[in-house]
Amino acid sequence: MRTSRTQEIWVGIFVALGMLALFVLALRVSNYSSYTNGNQYHVYVYFENIGGLKVRSPVTLSGVTVGRVTSIDYDPDSLQAKVELGIEEKYNFLSTDTAASIYTAGLLGEQYIALEPGAEDETLAEGDEIIHSQSAMVLEELIGQFLVKMSSK
Amino acid sequence: MRYGQLREPAFGVARSVQYAPQTLRKVTGCPLPTMAPYAAMDETHISIEQVSFSRGDRLIFDGISMEIPRGRITAIMGPSGTGKTTLLRLIGGQLVPDSGRVLVNGLEVASLSRRRLYELRKRMGMLFQSGALLTDLSVFENVAFPLREHSRMPEDMIRDMVLMKLQAVGLRGATELMPAELSGGMARRVALARSIVLDPEMIMYDEPFTGLDPITMGTIVTLIKRLNRALGITSLLVSHDVEETLSIADHVILISAGKVVEAGLPAELAASASPWVQQFIQGLPDGPVPFHYPAPDPLEQFLGGDHA
Amino acid sequence: MLDLFAGLGAATLSALQRTGRGFIFLLRTLAGVPLLLARPGLLVKELFSTGVQSLLIILVSGLFVGMVLGLQGYVTLSKFGAEESLGVMVALSLVRELGPVVTALLFAGRAGSALTAEIGLMKSTEQLSGMEMMAVDPIHRVIAPRLTAGFIAMPILAALFSAVGILGGYLVGVGLLGVDAGSFMSQMQAGVDWRIDVLNGVIKSIAFGFVVTWIAVFEGYDAVPTSEGVSQATTRTVVHSALAVLALDFVLTGLMFT
């Protein structure tokens, strides 16, 4: 039994449309284009408190996204949070004394890691550790400090 | 039974059934190929041994037994609801008997593996009452269906085969029609062409005469007879159309209430002394089979006042 | 009182039996799927009737659902001064939930009911039985291509629904209500994750397609072969598919997004 040619053409169009739709969803709607898993290098950074930081939170350099948080763990030796950052290979010029801070996008927005390059000539490579870190600002703590200051006056 | 005996008016009944080869040639328009099918005619093709079958609580067959000879037309007759179609499904392996055996070519149908059963079915044709044509395929594709499913024939060979079989049923001109455009009789002829396209060794006809006009009925009668005589196909005919069936059957089995009531030549049946057989064959409304469905006493029911 | 228990028992048993039949049926069908590789023509035919012929309703519904999301989202978001988030909201709602779920419901109504009715009618006109007598397994010849086609068509339809819906949201948000096109797109791209949102949505739609088609072909195959039986089976397909899709959606969402 054969299928008519029009049917074959229509099914072809149908499947092509479906692929196009998936393609659009992937490339235009989602952040697929920022997935460049193949060429990343990983560095570690320890924080006292990571606040609301999550895996896949962005890592930025002067506001430009250069990577993502790839894993978050608690390190029992240093009693700190150990955060692994995946940074794209093309940003391989970060000096070893780069500082990492956790900031919040907007007052209540999602949290991200901002990197600030230092002055050393040596650059970070796979498996290195960022020594300078600044923990997340926790709103409650800030308010607490503020209240303490106010009452001590 | 030898056919020589059939010509003797032994039972004093003048049925117009004749089996002389000369007459046959005239009826079918086909030359008789050889006498080979007749030589083997006493061989049993299908045998049903002590088969019981029930559907739900209703017992349909109660230890029924019969033998269907190879190369002949055997008719199974009986009132509606006696499980004639069920019998065909038992033979085709679509139903499994509760007890007893159904043997085709000496093989027990119910115990065959799926693959062997399908091998067997390729050699069985079945003509359904409705035709059972595939509604999304044209007449041509319907007839070609078994070939496409079971063989890897080249397209032009399929075409020739299909046209040949359609020619045999007189519908070579209808190849492009869809089943919905066919009349009941045409659909049945297409279905017949389809069931012989694999050159089966037996065909089962389920009520082939029901709901047809006289001309179409005549066509189908002729076709069944011609297929049997020309190709030596064992034909099993299930019907309650007495006259047509008796006119072509070599052998008739009457069943009722799950049992074989009478079996024999058409002429023997017509001469039977059994009042039941007479009632069935002559179509009398009342007799051993009562006109009324079992009901309480009429006086009681009509005059009983409250319906409690 | 005893009658009540007897009724409950009988209902439970028949439901169990049906489920069992459904699974055996599924296994036999799946066994027939590899045979389709030799007969791709059968699949093309079914893809045409389940997929292509559902295109129109899916595209139109997707567009309207997206446009409504755009309108509603804008009204709510503008109260918080967050109109720029319209893109994320529309895209996430569609990709994660509405795309797969609404497509599956429409698919059950459009293609599922047609499948049940077709197979049920084939059964009641003895076509399936006739195939068996021609030594052709109707489960392989009729059911397997239809199940496979539904399985393939559903994710494609869901992806189209989401894509068209986002377009609808964009048209309303950017074109009609004056949300900034750049922030619509950039917020959307930042907020929608390829793996968590898009891929999980696709997985959902595959699961729904499978369940809906399975229910549809089983109901058809298992239908009482009368016109009343077929019409009841068709109704059951739509109702059971809808319930199954919504329940499954809850389970899958729980597994994927928490």
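Think of it as A, B and C in the order they're written, each chain with its own count starting at 1.
Criterion: a residue touches a chain if its C-beta (ideal position, glycine included) is under 8 Å from a C-beta of that chain, and two chains touch if they have at least 3 such contacts.
None of these values were measured; they are calculated from a predicted model.
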Most centrally placed chain, judged by C-alpha centres: C
Higher-contact pair (C-beta pairs counted), B-C versus A-C: A-C
Geometric centre distance via CA averages, chain B-chain A, whole Å: 77
Approximate Å spacing (C-alpha centroids) for the pair chain B, chain C: 45
CA centroid of chain A to CA centroid of chain C, Å: 35
In chain A, residues with contacts to at least two other chains: 1
Per-residue multi-chain contacts in chain C, two or more chains: none
Chain B: positions in contact with at least two other chains: 145
Residue ranges of chain A in contact with chain C within the complex: 1-3, 7-8, 10-11, 13-15, 17-22, 24-26, 28-33, 35, 56
Chain C residues within the chain B interface of the complex: 121-122, 125-127, 129-137, 141
Complex contact set, residues of chain C against chain A: 41-42, 44-45, 47-48, 51-52, 55, 91, 95, 153, 155-157, 159-160, 162-164, 166, 185, 188-190, 192-195, 197-198, 202
Interface residues, chain B side, partner chain C - complex: 92, 94, 118-119, 121-122, 124, 126, 128-130, 132-135, 145-146, 149-150, 191, 194-195, 198
